[in-house]
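Chain naming follows the written order as A, B and C, and within any one chain the residues start at number 1.
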Amino acid sequence: MELSSSDTTLLKVQDLNKSFILHNIDGRTIQVLHDLRFSINAGEHVALAGTSGAGKSTLLRILFQTYSTSTGSILFKLASGEWVDLTHLTDSEIVAIRGREIGYVSQFLRAQPRRSVIDLVTRAGISRGLDNNDAREQAQMTLEKLHIGKPLWEVHTSVLSGGEKQRVNIAAGLISPPRLLLLDEPISALDPENRTLALELIQELTLNGVAVLAVFHDLDAIEQVSHRIIAMEKGRIVQEGPTNTLLPLLRKGYINS
Amino acid sequence: MTGIFVPEPVVQVRNLGKVYGPFSDETISRTGSSFGSARDAVTGSIVAAWDISFDVQPGEALGIVGESGSGKSTVLRCIAGDVEATTGDIRLANVDEGKVNILDFDASRRRRLRIDQLSVVYQDPAEGLSLGITAGGNIADPLTAAGWRNYSAIRTRAKELLTRTEVPIDRIDDLVRTFSGGMRQRVQIARALANNPGVILLDEPTTGLDASVASGVLDLIRSLLEELNIAAIVVSHDFRVIEMLTERCLVMHHGRIVENTLTDQLLEDPQHPYSQKLIAAART
Amino acid sequence: MTVVSHREPTGVIAALSGSALHDEPAFTVLDEESKREIRRALLHAVCAPGYQVPFGSREMPVARGWGSGGLQITLAIIGSSDTVKVIDQGDDEGVNAVNLRRLVTASTGCEETTEVSEATVVQTRHRIPEDELTSQHTLVLQVPVPEPLRGIERDMRELSRMHAESDYSRMWVSLYEDKVRNGVITQTTGYPCLVNERYVIATTPIPRWDIPRLHNAEFLSLFGAGREKRVYAIPPHTVVEPLTFEDIPFEIEQNENTHCRLCGSNSSFLVQSPSQDDNWSCSDTAWCRARRTK
């Protein structure tokens, strides 16, 4: 499979392997990702598809460096145009680029219970480089778009419903977005109406040049927002192609190994 | 070298070591994580910490995690000056432009650093506060040490800090002895921040507090760290504390660093066998 | 090598070098070697204004706590050509003052007086005389507790360190606490002062009223604590600042509506005697008498 490479490519994964060594069980090694190779361009939304256990979340976590890499390289193009290999960066460099260059939105909102909604999203904006006022303004706008209205802004996140928490989580993830956004089942707890709102916002991202790599359970969501699909099975990429080509196959359950 | 901008560290520690008792190279090589002990069976000396090196960036919180006896508190106390290090090089960006090893300073100069360069929040608030004086008085202490001589200005600043640490202002004139554990800890934090130090060291800041109280204090510390762009070193055996407050952390075992990594990576993908054991135990 | 012309030492140096000593005394309270040792300690004290110099405090014919320190200083520096005035709470005729004065005159052969203008050495407990003291005077103060930080710290080494490093923050905290608890900084006697911008001293037991007299004075002040075995000094023309916050002025006891019932003064330090109704009178009895006889 040729790596697509152009001026807009901003992520190139080459020969990526991940194993866990379980020292405290019997020292066994479990390999979860095998020889992954793919790239992502700016403004492109790529969906990761596959059954659970395929390694989709694992891949997202490695890209964010929450998991370490075993072998292989993860080449990322910084805003400055310089290419760096994430597997060779120091911890401090990773900390420096997280948030601004690469973001990760998980399925669950992890926040201090007493943090207010507006505070959480504003802080996320500030950590991406916005000043206090801009951050607050954009936080308000983003929350509005997700139908989290003013009455909820000063509320502590701990008292929100699951769906509300997820929307706040999305708002925090999308405010002043980084150049590459990794989404891990971000809308799983939303009802249809809110799911639509969220997907609209996610669609806007790519229109603004953000590169997105997302895991969605929901094939309709994939259809709505993604340009390309990477299908995985047992830690390997088994198929890759444009959404309108691959999606019908996915719907029918056909995936070539 | 990439073009990624990583600011100059505020704290730079190199080869910090503390040994109790006589020692030689053999002592060092007979102790540590792989030997299962910090105590040298031959000489009886204890290598409480050895070969400790790390940086802390401005606005960053670095965690040091480990079980009791790991040496993490020893490291903190060596940096604070409460314990005299055996060897090592510690530089602070705001002290002689980070060009001098503060371990070479005499006791009096090390003490002066504690006024406005480096503050410590101890596990036991009684260690960082005078229980027999008022909350305001405890804050007046570092301020007057830094040369503040205006009573109203001192009061104003004390009230500001107490407000920020969520201590009711009407208790400013109460003796600290009359405060609960959680409130005492907040007063200790307020006092530590009085002179806007560049570095704050926190030693098990919420251990010993009731769970709900601890969570409030942790919340507070986290907001302060975000707001103040201060460099922090957080020592804890509690992973929830490390998770909430830090981006990077060290794991210590029998006086040595066994893992130096991103905090989320430690929690989700620990590499060293000892780290894996710790994380597994924490998860149960 | 330069030749130093020999001059008779005057004033402070004369007092401390004992060169004014001429005639034989009637009996000895303090031997000459002891006096020299005390003078050496006093020279150290003058060189480091406000610093508490330890000295070998001898047994005196007055009990500890009754002026043995002041007495030793006076005996060490006084000679037969000197004139001594001794007051206790401003009064020359109190029992202790009389006792001390007799000891000094009998053992050194010096003159005695109640008039400041005639004195060269004034030993006192609790007051600085109202009359002007000049460079001809040496003031010797009896001090029970020389350590200003005594209420704050007990450990000797820590006290030593605090003075050595000029680390008086705990003193400041105690002033802060005082103000918080009492609304004013109340240390009415023994008020701590910063001498020569370096050492903090206890001014016990003189009242606030007298503290401004220590600043930039014409005269030498020597403080003696016999029981605690310390002496300290404020040389003439030394900066002496009572410790206070810059927005809380140092206030002296002010009795605007009271007058001395004997001489009518309201510009001197007044004290009350419990037995009378209109009971305020001048603390400095000699000064008051002089006013009345003029």
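Here is the rule we use: contacts are C-beta pairs under 8 Å (C-beta built on N, C-alpha and C of every residue); 3 or more make two chains touch, one makes a residue touch a chain.
Bear in mind the structure is a predicted one, so any value in this text is a computation, not a measurement.
Contacts between chains trace an open chain of neighbours here, each touching only the next in line.
Nearest to the global CA centroid, when each chain is reduced to the mean of its CA atoms, is chain B. Simply put, of A-B and B-C, more C-beta pairs touch at A-B.
Between chain A and chain C the centroid-to-centroid distance comes to 80 Å (mean Cα coordinates, whole Å). Averaging Cα coordinates per chain places chain A and chain B 34 Å apart. Mean C-alpha positions place chain B and chain C at a centre distance of 49 Å. The touching residues of chain B, when paired with chain C in their complex, are 108, 111, 130, 133-134, 136-137, 140-142, 144-145, 149-154, 173. Of all the residues in chain C, the ones that touch chain B in their complex are 161, 164-165, 167, 169-170, 172-173, 176-177, 179-181, 245-248.
Every residue of chain A that touches chain B in the complex is listed here, in rising order: 20-24, 61, 65-68, 78, 80, 82, 84, 89-97, 112-115, 123. Considering their complex, residues 2-6, 55, 57, 60, 215-216, 218-219, 222, 226, 244, 247-248, 260-262, 264-265, 268-269, 271-273, 276-277, 280 of chain B touch chain A.
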